[in-house]
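When the chains are written out, they are named A, B, C and D in that same order, and each has its own residue count from 1.
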Amino acid sequence: MAGNSIGEFFRVTSFGESHGKALGGIIDGIPPGLSLCEKDIQGDLNRRRPGKSRYTTQRRETDIVEILSGVFQGITTGTSIGLLIHNVDCRSQDYNDIKDVYRPGHADYTYMCKYGLRDYRGGGRSSARETVIRVAAGAIAKKYLRKYNVIVRGFLSQMGNICCSLNSWDEVENNDFFCPDTSCLKELDLLIRHLKKSGDSVGAKVTVVAENVLPGLGEPVFDKLDADLAHALMSINAVKGVEVGDGFSVVNKYGSENRDEMTSSGFSSNHAGGILGGISTGENIVVHIALKPTSSIMIPGMSVNVFGDSVQVITKGRHDPCVGIRAVPIAEAMVSIVLMDHWLRQQAQCMDVFNSYLKKIS
Amino acid sequence: MAGNSIGEFFRVTSFGESHGKALGGIIDGIPPGLSLCEKDIQGDLNRRRPGKSRYTTQRRETDIVEILSGVFQGITTGTSIGLLIHNVDCRSQDYNDIKDVYRPGHADYTYMCKYGLRDYRGGGRSSARETVIRVAAGAIAKKYLRKYNVIVRGFLSQMGNICCSLNSWDEVENNDFFCPDTSCLKELDLLIRHLKKSGDSVGAKVTVVAENVLPGLGEPVFDKLDADLAHALMSINAVKGVEVGDGFSVVNKYGSENRDEMTSSGFSSNHAGGILGGISTGENIVVHIALKPTSSIMIPGMSVNVFGDSVQVITKGRHDPCVGIRAVPIAEAMVSIVLMDHWLRQQAQCMDVFNSYLKKIS
Amino acid sequence: MAGNSIGEFFRVTSFGESHGKALGGIIDGIPPGLSLCEKDIQGDLNRRRPGKSRYTTQRRETDIVEILSGVFQGITTGTSIGLLIHNVDCRSQDYNDIKDVYRPGHADYTYMCKYGLRDYRGGGRSSARETVIRVAAGAIAKKYLRKYNVIVRGFLSQMGNICCSLNSWDEVENNDFFCPDTSCLKELDLLIRHLKKSGDSVGAKVTVVAENVLPGLGEPVFDKLDADLAHALMSINAVKGVEVGDGFSVVNKYGSENRDEMTSSGFSSNHAGGILGGISTGENIVVHIALKPTSSIMIPGMSVNVFGDSVQVITKGRHDPCVGIRAVPIAEAMVSIVLMDHWLRQQAQCMDVFNSYLKKIS
Amino acid sequence: MAGNSIGEFFRVTSFGESHGKALGGIIDGIPPGLSLCEKDIQGDLNRRRPGKSRYTTQRRETDIVEILSGVFQGITTGTSIGLLIHNVDCRSQDYNDIKDVYRPGHADYTYMCKYGLRDYRGGGRSSARETVIRVAAGAIAKKYLRKYNVIVRGFLSQMGNICCSLNSWDEVENNDFFCPDTSCLKELDLLIRHLKKSGDSVGAKVTVVAENVLPGLGEPVFDKLDADLAHALMSINAVKGVEVGDGFSVVNKYGSENRDEMTSSGFSSNHAGGILGGISTGENIVVHIALKPTSSIMIPGMSVNVFGDSVQVITKGRHDPCVGIRAVPIAEAMVSIVLMDHWLRQQAQCMDVFNSYLKKIS
């Protein structure tokens, strides 16, 4: 496959460019009988939507989703769901200047190397605009998982050198940063103002937690649950690192510190981030991702054009000073898609065992 | 699929348990015409082999590989390659004590949750013993890639708090740690001795670098080259984190620092680790992984048995005090498999463009 | 996967129901650089379109296709192509009567068994309406293959007991039956008139021929070219049989009659239908399919309703008296999709060998 | 993938050549908890085994299978099953004469076109010898399905012009032809004797019936149950046609004859062969395949060699005068593999509905 699909059984396939007519997706493998309408999806789309706060890009997309199939009388039929979202606020002329130029840190050059041509308007397919379909698909997965009490939610855990602690999940939706720590809000605001003024950008770290995941999800060897999460999360634009549980801090840990002991009432700790041997333990699944500072900045940078000449580039257009902010709902979506996929895979192979867990929670 | 395959076009499928009769794999998609014999594979198997130094497990496996098909008169025919490696040094009785016990930090509990039963001998399929087939498959990929000057190699970049700099690739194969920095060898030796005495284990970081990778490998959106690398690397036992290029350090970077500028003679830096927009740039591909300290330690830990009783566990058997050491050839193998897969995928879709790059290096 | 995708590398995924808002598809894996616009697709859509002659259903769909992505400035970019076709002539009320009834010979009952519910309007996803996306995708594959002189075309080879010989390819597009044999046209016309009067339907046989296919396409063992063709063709609604080359007539043949001898100027015959050992020989690929008479007929038939009661059913709505007619462009599309997929797969694995054949024809 | 795997969730991957060291397979996706040992597999292997009667090839292979993994204490663990069968009776020297010659009707020429080289010993990977792994995998699927009363069995329905009626399933295993009709045995014997004398071969038709298949198996659109059966069956060596239910005879049928009416006690007929809209109805699944007469015959035929010269070929070696005979267990295996795969897929997506059917039969 050429890379526009994810998931083995719950499978999401997408299309669309930053400045094309529309973006869309096909969701295959959704179980029949799930109550579903556009409203179920729109909430997360709104959380990701550009232009909704002064901290993100000023491109104003409504991101209104249409369900074109797979739902009849408000219920999923089990057949493939077609989703469509039109682009409404393209300013393609903003990109005429970079038609022949490779913006440093962007995919312009690599798309040219791969395909021998490229859609230069807003980065084309390489734009994070495509994540709108991820979020839509993820919302469907979330809705299904919620039937079984699984809650998937994320937050901004760091921006630049500002670390945000998970003080309160409630707080996350009360500010424009998805920040769980009110004590950081002022600093975050100042940092973004500073970046806007300097024309620069900054990196971020996002954390996602999935609660009440049944044990037994994930396949041994190559399709471990954490391997599929790493795949899904690293596929998000700008992500340069993925951690499960304690992540890179395990490098400097002893086995006696790091292992999670068990008692008859469960695990005593969760360094593993809810996954052992690639299979969910029933503890919270905890993942972190690192997002690079976007390369779309106003500070001039050296590059070359398609003719091989040295040029200086300034990235005009409308951009996020910190792409990590809007990455929160995207990362939640990717985690949800992976969990949903493994949920169905577990039903496929180990239905009898899984049924016994499902009974416990019903 | 139930998780025992990796790769879309260059596809590796494996079987085998720690204490079963044999491990094996099927390599599908190898181009015809490659000169290949057991010797080409044995080298990397020996690098991974247990029992070859005092720093790793004392289980003594010869890891002799047999090619059962797909090669005729020393040349690959294009049909599937069957690989077989017999287990020769199992001491299954060592595991009778833990038959009904979930070792903390191991997959014992999660396998039970998933399947309702488990092969308790040496961890069964969850044992890192399965990585022997990864290394064998990776050696085949490596051999193919080397025809195009692609070199994939790794080293131990950190163990506990000992950081090893990439001073010399040559040094890596001269010591039992895959350490490129002779100034660390004494410290590493002391740490392992200490761990053996205390019955503990320690985490590690491994770095892999792929040189001379042609630009254009990797697919947009979900099957980005880095996403597939993250998947492949996170699927290695004990890995808890994956970084590409600057990884988590980008969180605290500005866009103006992090972007890699270009000149007519190439990129001025490689913070991106050789991948932009999910597609190779032609620069070195650089990835890091974090490996947790193995949970197989002699220090007693609290756990439960299959009957729900609290028990104290000591993991007997023969184990690595730092699984990160032997992870070096495994990580190289996974990177090679992913590169090989994307090499073929690029040929499939963009043959004309790719041909022009291939001509340059031939 | 839940079945809405076909192809390994050139991959078509679709959605849409008979009476939903729209049908759509995503085409993944198309090589960059192909000139493509809606007109290239519309031709085949018009050939399949309902309501264009008195011999087919009177439902009047315009089947206007929109390309939503993957094409920039008239050229494919290599990224996924989104296709959309709106339904414009649904009369869902025609189906209220059968809401609770299983029409005999239809998928009503089996969809209920599978999903526990169904979209009863026009058969929902089980309607042959979904083939509109197959034809659109096939048109793209056809356009690509035509660059290499590959021509894929089909004809009605039998309807009821009327056999149509391949007298002239030119004639096929000159009549409403895709019939290559003008001597049959009167008989065909009479048969359809008779069926309309009696409210009955009839079966048909369709033949597709692919010319100038390069040798070497198809994979050994499970993904043989003929196996993938059989899969693709049997997946078309109403198809009950697939033959390659001489098909079922080989049962009563001797090896000395059936084998295709070779001379230095090529094969002396083509009983094999252009495929040996699952791989194309370079001779014409010839396949036949049998389509059952549609079960949507006005003659009352016995069935049951969802409550288990015996009922008599008459299928109202607008239907084809012989679905085989419109199956011609659909079968061509499926053959084209499979050839395209294997074309790319051959490039992936055996590029060097394939390049030498490509050179010959360029 | 390069074609050596079949199945989405129950997945069989194989390797091995006619004259290689061994053939093998990996079975992925088998549910845990199934009692399984070599004996469960050996029965079907013996039915397919060459050299067991005077009606088939005289190559004497023991076809002893070894289970190398995935089974612990006689029970499947849910991890991948490795299977191995050694070749013991190769006479590769028989093939030296055809080293540079393309045997007419064989894959020699197409393998050369595809790969640029070939393993000429006994046809290498193109030999039907590879079907031994299909049969082994099918036996595992059969064992699982039998837990739910599903019975999959086949018979020789025609050889040359001798038609064999399904008079008695019991008779099928009582003769060397898998013939259910004792009145044909003499004729069949005479035909084979005649073929051996004349050095010729003949075609055959094989029928497989699957009883007690639960309704609901199969996916809409591309992965219809019949589409996947067609794929699996057409992938068997020498198969040139596949029919479901009434197959090609529907071409000349009216809808009023062909549709299967329903009453409250079930379907009144089974023209559909147990599948409607690509989904199982609960009636017997009935498929037929046409196998060409093998091209390995002693009657000289014209061909060319690798240098392009005209040559006359006689195929020495040991061959079946009618490959259709031994195709019976192979076809059963392929049907079983497909049913098993769709069984698991149905559990994945529609577990709740499927559970209700499973309860009825438990």
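The rule is short, and it goes like this: contacts are C-beta pairs under 8 Å (C-beta built on N, C-alpha and C of every residue); 3 or more make two chains touch, one makes a residue touch a chain.
Since this is a predicted model, take the numbers as computed values, not measurements.
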| item | value |
| --- | --- |
| Furthest chain, CA centroid comparison against subunit D | A |
| Mean-CA-position distance for subunit D and subunit A (Å) | 45 |
| Mean-CA-position distance for subunit B and subunit A (Å) | 26 |
| Subunit B-subunit D separation of Cα centroids, rounded to whole Å | 38 |
| In subunit D, residues with contacts to at least two other chains | 1-5, 8-9, 14, 29-30, 32-33, 78-80, 114-116, 125, 220-221, 345, 349-350, 352-353 |
| Chain-level touch network, classified as line, ring, star, complete or other | complete |
| Interface residues, subunit A side, partner subunit B - complex | 1-6, 8, 12, 14, 102, 104-107, 109-111, 113-116, 125-126, 130, 158-161, 195, 200-205, 215-224, 226-235, 237, 239-264, 268, 271-273, 275-282, 290-297, 299, 301-304, 308-310, 345-346, 349-350, 352-353, 357 |
| In the complex with subunit A, residue positions of subunit D that touch it | 8-9, 29-33, 78-80, 220-221, 344-345, 347-353, 355 |
| Interfacial residue positions of subunit B with respect to subunit D in the complex | 1-5, 8-9, 11, 13-17, 20-26, 28-30, 32-33, 66, 68-70, 72, 75, 77-82, 84, 114-119, 121, 124-125 |
